[in-house]
Every structure is written in structure tokens, then in C-alpha cells.
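Take a look at the structure below.
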Amino acid sequence: MPLRPLGDYLEALRSETPLVHCMTNYVAMNSTANLLLATGASPAMLHAPEEVAEFTAISAALSVNIGTISAHWADAMLIAAATADKYDIPWVLDPVAVGATRYRQALCTRLLALKPGVIRGNASEILALNGLASQGRGVDATATTGQAVEAAIALAQKHGCVVAMTGESDWVTDGTQHYRIEGGHSLMPHVTTLGCGLSALVAAFVAANRQAALGATVAALACFAVAGESAGSRAQGPGSFQVALLDALYQLTPADLTTHTHLEAVHVV
Amino acid sequence: MPLRPLGDYLEALRSETPLVHCMTNYVAMNSTANLLLATGASPAMLHAPEEVAEFTAISAALSVNIGTISAHWADAMLIAAATADKYDIPWVLDPVAVGATRYRQALCTRLLALKPGVIRGNASEILALNGLASQGRGVDATATTGQAVEAAIALAQKHGCVVAMTGESDWVTDGTQHYRIEGGHSLMPHVTTLGCGLSALVAAFVAANRQAALGATVAALACFAVAGESAGSRAQGPGSFQVALLDALYQLTPADLTTHTHLEAVHVV
Amino acid sequence: MPLRPLGDYLEALRSETPLVHCMTNYVAMNSTANLLLATGASPAMLHAPEEVAEFTAISAALSVNIGTISAHWADAMLIAAATADKYDIPWVLDPVAVGATRYRQALCTRLLALKPGVIRGNASEILALNGLASQGRGVDATATTGQAVEAAIALAQKHGCVVAMTGESDWVTDGTQHYRIEGGHSLMPHVTTLGCGLSALVAAFVAANRQAALGATVAALACFAVAGESAGSRAQGPGSFQVALLDALYQLTPADLTTHTHLEAVHVV
């Protein structure tokens, strides 16, 4: 099935303003909420084990990011993901620094069993998640996306989900179809938690485009690529870049997204 | 008792720089601290049950926001609010998304018993807090302020406090006198946690204007309305709006506040 | 041993991009990560007792800030600091508001026993940490740096570490050599958590300049002083200051740092 024009996915997001239950790390919470609000979704952050099931059940999507996990957050994430799985609510896993500690590996193994619709990570994280050896040294990507494309495809096939791998080039695959997106700006790695925010934005796009998770994920990454390019052309450094990125996401039209994305379908042998 | 010129309340805040103990959600912490510092108050964020009583007791005001509560935060909020009640330290309740889960409803019931001086919420939250049926779907207001004015007045009367309800128009009532404030900007709902920060700013204004909680609350909301209008005129989107709002609050003079606020005393039949 | 030209320390930081394990308060997490990324270091935030030892051991430095501590964070900080001590990984202590509650005092006593390489605080905090009477009323400095210089020197001698005391003027001492740095901007106290971020930046500088903790700490403070001066000249208020500071740290060259720092070696009798 070919993708629709990318602007269509953004149009659906803007008209639905999906409520995204974000369980993300402390560093990313504010910027994630702002990235979603700027683009047109409605974020809500809460994590008490006492209430997550009730809240996930009324959300359009769930986004789980393990950046600053601790025991009671992990418990709540498992409850929320199980709720999403039960009610067929799309959910996204962002396995931050999964290669860095055994604690993260153990948690991700349990989360993967609850069937995320999309996994979004950098190359090191995708490699680690697929069980391949990786020299991940924390939250940075030290492996290149090129090296990890095979791992991304294998992971998508194994778990029946979409995998989005971001870096200098971005890759999206459902195990069968593969897309590469170019764009963004060299300042992006100098701003914290953009990837975390992108994971939540993927959740919002998928919520507004049910039955089209692959295209919705491509569209979310394309938003960052196009808005990032535009923000970079106006920024003097990472401070002004952040500001310009929120403005650019807000100003981005569906037509811009369709026209300005550098997207390529890739055949992997 | 008529209100004083609104600039007087701001002048008092600037000359006292009240220390506000903020127990707020993770999303709002940084922006709340910056909103208070820009306007002229002194924020402090801490929440360990082991130390909150000691700290609330030396603070000029307490602000409690339940956005990202969990069990040990709830315990600490109850201790802090009880301390404020005991020592007659003004405190503000921000009942984020109280309609969304039973956990929040139960916590708010306990907090209300500790006599907040001011409650600040959106229309859905005020309706839910007053026990009326509301279709709150999380942190967004889906009810309009107009529908909820009666609930706000009833809530103020029931709890002997000031209620501030924010939305397209803002309302402040102590159950007897009612004010409507217009202003702000259409970009404000696209920036996260402005309402949370406003609740803490209300606490700062009330601390610097004891015996005048109604006027102090109106003045806090007026700061946001006037600074928001000014910031909106300079912003290209939600990123630059946030930056401009902090600058505008810092630059706002008492005379500006008195002159530029669109304030109306309202008679409700 | 005289200091090297300050730009040399920055050059080392940029070429090593040290991974700094940041255990900091919720208010400061995002801004700390961005300050480190803008300057050229690589931050990682995590705090679960289950994984901190494993992660500190692979980090180049550790930064511990007690701003929003609670019991499980305190446990994890002690584990991480003990790990840093064991493996000779430099670590920095930021004793936020240590004078305000007994809980903080007790935790800092335990942390000091784990031998931080650098302590960074304001005058009130340094006085409180040295056991002198101080009227600290929270996170603000109410004592002046001048009054606290003796306490800083005593603290450095007692614990065999570098002490950095920031305020209108900044002081750095290892108990034997003392430096004063002027610069920065009057808007800096109107932006939250700059001091917290600076502590983590000190950790990054020390990591990239082992065996030269005194000079590395001076260089970190000098970055803030020079970039702060530059940002202040372009800012209209605390909102635009924050943005300009990140841009200025990113643009700051080693030559700028060497040339523009107002640094003075001070002889204290």
C-alpha cells in the first residue's frame, strides 16, 4: 500500500487533536508537551499506578519513554501499555539508552511483550533492542543508522510493528516497506529531548491515522525534518533553534509537508 | 470593598519578592519557576515528606498542583497544606484534570478540607471540583467558562475561598464579588503549563497582599492577560511566544497593569 | 601551579565531549541538559537505585544536585557518589538550599563523606555547608559572596576539594589558591536553575581536564560569565536571555574565553 500525500496525515492530526497519554522522562516532559501542542495534538502527562489504566483507556494514544525510569514508573508503564494493548489503543515505545544497563534491558523486554505499535530510537538503541552487540554509551547514538538498518527491519518483523530509527538520516520500516527521510539540521543534536518529543508526536500521528501506522510515522518524522530545516535556517545556536522549531511546527501546513519532505522508498536486499 | 488599582498589588509583590513553596507537576516546574522569577517572586520547589512541613512554615505562600501526582507526592502535599492551614500561610490549589480519574477526585477532596485560599482551574476542572457533571478529558478545558461561572461561585461560597477560572475569558469570584478579565492571546493554549505557572503566581500575589486575596488574584490573572497580549503581538508561534511572555512579565510596570487590564465587575443574578 | 589559558580547558571539553551523569533536580533537568549540549558535553539523566552504579561507572563525571530530593533519590545519589569515589571518577556536589531543612543537612553530611571533587553553591549554601550560621531562606543567596569567602576556603581545606561559590562575583578556591571571576549579567538571577546547570558543566570540564580541577572549574565559571555578558547585551528580559545564553555558549570559542574572562588571583590573609 503506497503512502498518502504526507500532508493528509498532518491534516488528520490537526482535525482530531488526539489526546496523547505521555509517560516520558523528566527531562523531556515540558519540551514534549510543547512540541505536541505546537503541532496540533493534546498531551497529558501522568504516571501514578493508581490511575494510569483509567487514563490510558480514555486516551487516543500512549507514548512510553524510559529515559528516567524508576521502579514505580516502570510498574505504571507496564499497566498503561497493557491497557493500551487490551483496548487496541496505539502505543509507542522509546527505549532510551536501552543498551546502557541491565535494568533497562529487562524493562524493555517486558514492554516489548505488550506489543507497541511503533518503536522509535536512535541506531544504538535499535541495535541493542534487537539483541545485537552495540557500544551504546548512554543516550547518544554512537552507531550510525546505516549499520542498524538491518536491525530495524528485523525488529519490525519480529514484533509486527513499525520501527522508526532517527539520526543523520531517518528510517521507517514495517519490516516490508522501508522509507528514508532526509532533512533536519546539524543543531538538532545540540538540543535535548527532541527525539523523546518525536516519539510522542509519532503516537499522536498514529492515533489520528489508524490503520496507517507506517505512513503516520513517516509523516511525524517528516514534520521534524521539514520544520527542523526551516528552524535551522533562522537559528544562531541551539537556544534560538528550539524556539524556531516550535514556531515552525506551528506554522507548518499540510501542503508544506507534502512538498518539502525528502522522502525515498528504499529497497533493501 | 472595591479593588485597589491593580498596579498596587504588583508593586507589593516586587517589593516583597515572596518565597513561594511550589509543589507542582514535573511538566510545569521549570516554566513556573521562570514565570515567578520574571514577575518578581522567589520560587522554591521541594516535596519530600521529610521536609515539607519545615519548609512550608518558612515560606510566604504555598502552591499545590496535582498534575503529575503519585502517592508520596500526595502525602507531602497534604502535609504541606496542613502546615499552611495551621500557620495561616496562604495556599493555592490547582486541581489539574480532577475530573479525569477517581484518584484525583479523592485527593482533591482531602486537599479542599485543608482550606485553600484560592482555587485556580479551567472550566472543566471547576465544574468537576464542584461536583457537577463534566466531560473533562484530561488537562484541557472542554467546557466553556460561561457554563461554569455558577459552579465557580458555588465553590467559592462552599469553601470560603477565592476561585479563579481561566479560559478565553477569566473569572475571579469570592462568592460575593465577581470579576471578568479579558486579554491574553490565542497562542496561549499552544504553550504548556501556563495555567500551572499562573496558579503559583496567584500564590505570590496573595502572599504579598494579605487580607486582599480577591484583588491579588485578579492582579495575577491581569499580569498574564496584559503580558500575554503584548507577547502575542511580537510572537511568530508558541516558541517565540513563551520567550516574549517572560520578557513581557519582567518589563511589565505597575502603571501598565493598572492601565491596560480589561477588567469588569459582573453582577450575576 | 598556574592556570593554563582558559580556552585550553574548553578545547579539551569540546574534543572529549565527556559523558556526564547528571542527578539533578526536576526543575533543572532540561535546562542542564541543554546547557551541557550547547557547550559541548554529553549529559545523561538517570537515577534508579537499580542502575546508577552501573551507569556512573561508565560515565566521565557525575554531578549531584539535591534541589528536589526525596528518599529514593537520596539513596541513589549515595550509591552513585560511592561509585564515583571507588573508580576515581570526578564528581561535583551542588548542595541546594542545604541550610533550609535538617533533611538536606543530613544528606549533605553523608555526601561530603564520599569526597566530591568540587562543591558549587551560592554564599548561603557554602556558609551552611561549612557549619556556619546562615539565614538561608531557600534557594536564594541571602548572604553575599564576600562574607562567605572564608567559609569557602575552610570547606576546601577540610574536604580536600575545589569550592566554587557563585553570586555577583564568583570565587574558586582549592584552599590554597583563590580566584575571583567577574562577568555575567543582572538578568541571570531572574532565570531559574542556571547555577544547577553550571554545577553539571563544572563536572564536564573537570572530566575533560583531569589533574587540573581548579583550572577546569575556573574555566566552567568563566564560560557562564563571558557567555552571560554576551547574552545580556542581546536580551530584552529573562526569556530572551535564556535563549541567547544557549546560543552564546554554543558560539563561544576557546580564544574568546581566554581573552574575555575577567579573572583575578586573590591573596587572602
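In order of appearance the chains are A, B and C, and numbering begins at 1 in each one.
One rule holds in what follows: contacts are C-beta pairs under 8 Å (C-beta built on N, C-alpha and C of every residue); 3 or more make two chains touch, one makes a residue touch a chain.
Keep in mind that this is a model prediction, so the values were computed, not measured.
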Shared chain contacts [chain A and chain B, defined touch]: C
Rotation, 0 to 180 degrees and nearest 5, that superposes chain B on copy chain C via CA atoms: 120
Interface composition of copies chain A and chain C: same or different, split at half: different
Averaged-CA centre spacing for the pair chain C and chain A, given as whole angstrom: 33
Chain C residues counted as touching two or more neighbouring chains: 26, 30, 242-243
Complex interface listing, chain C residues touching chain B: 25-28, 30-31, 67-71, 97, 100-104, 137-140, 189-193, 235-240, 242-243
Contacting residues of chain C [partner chain A, same complex]: 19, 26, 29-30, 33-34, 37-38, 42-51, 54-55, 58-59, 72, 242-251
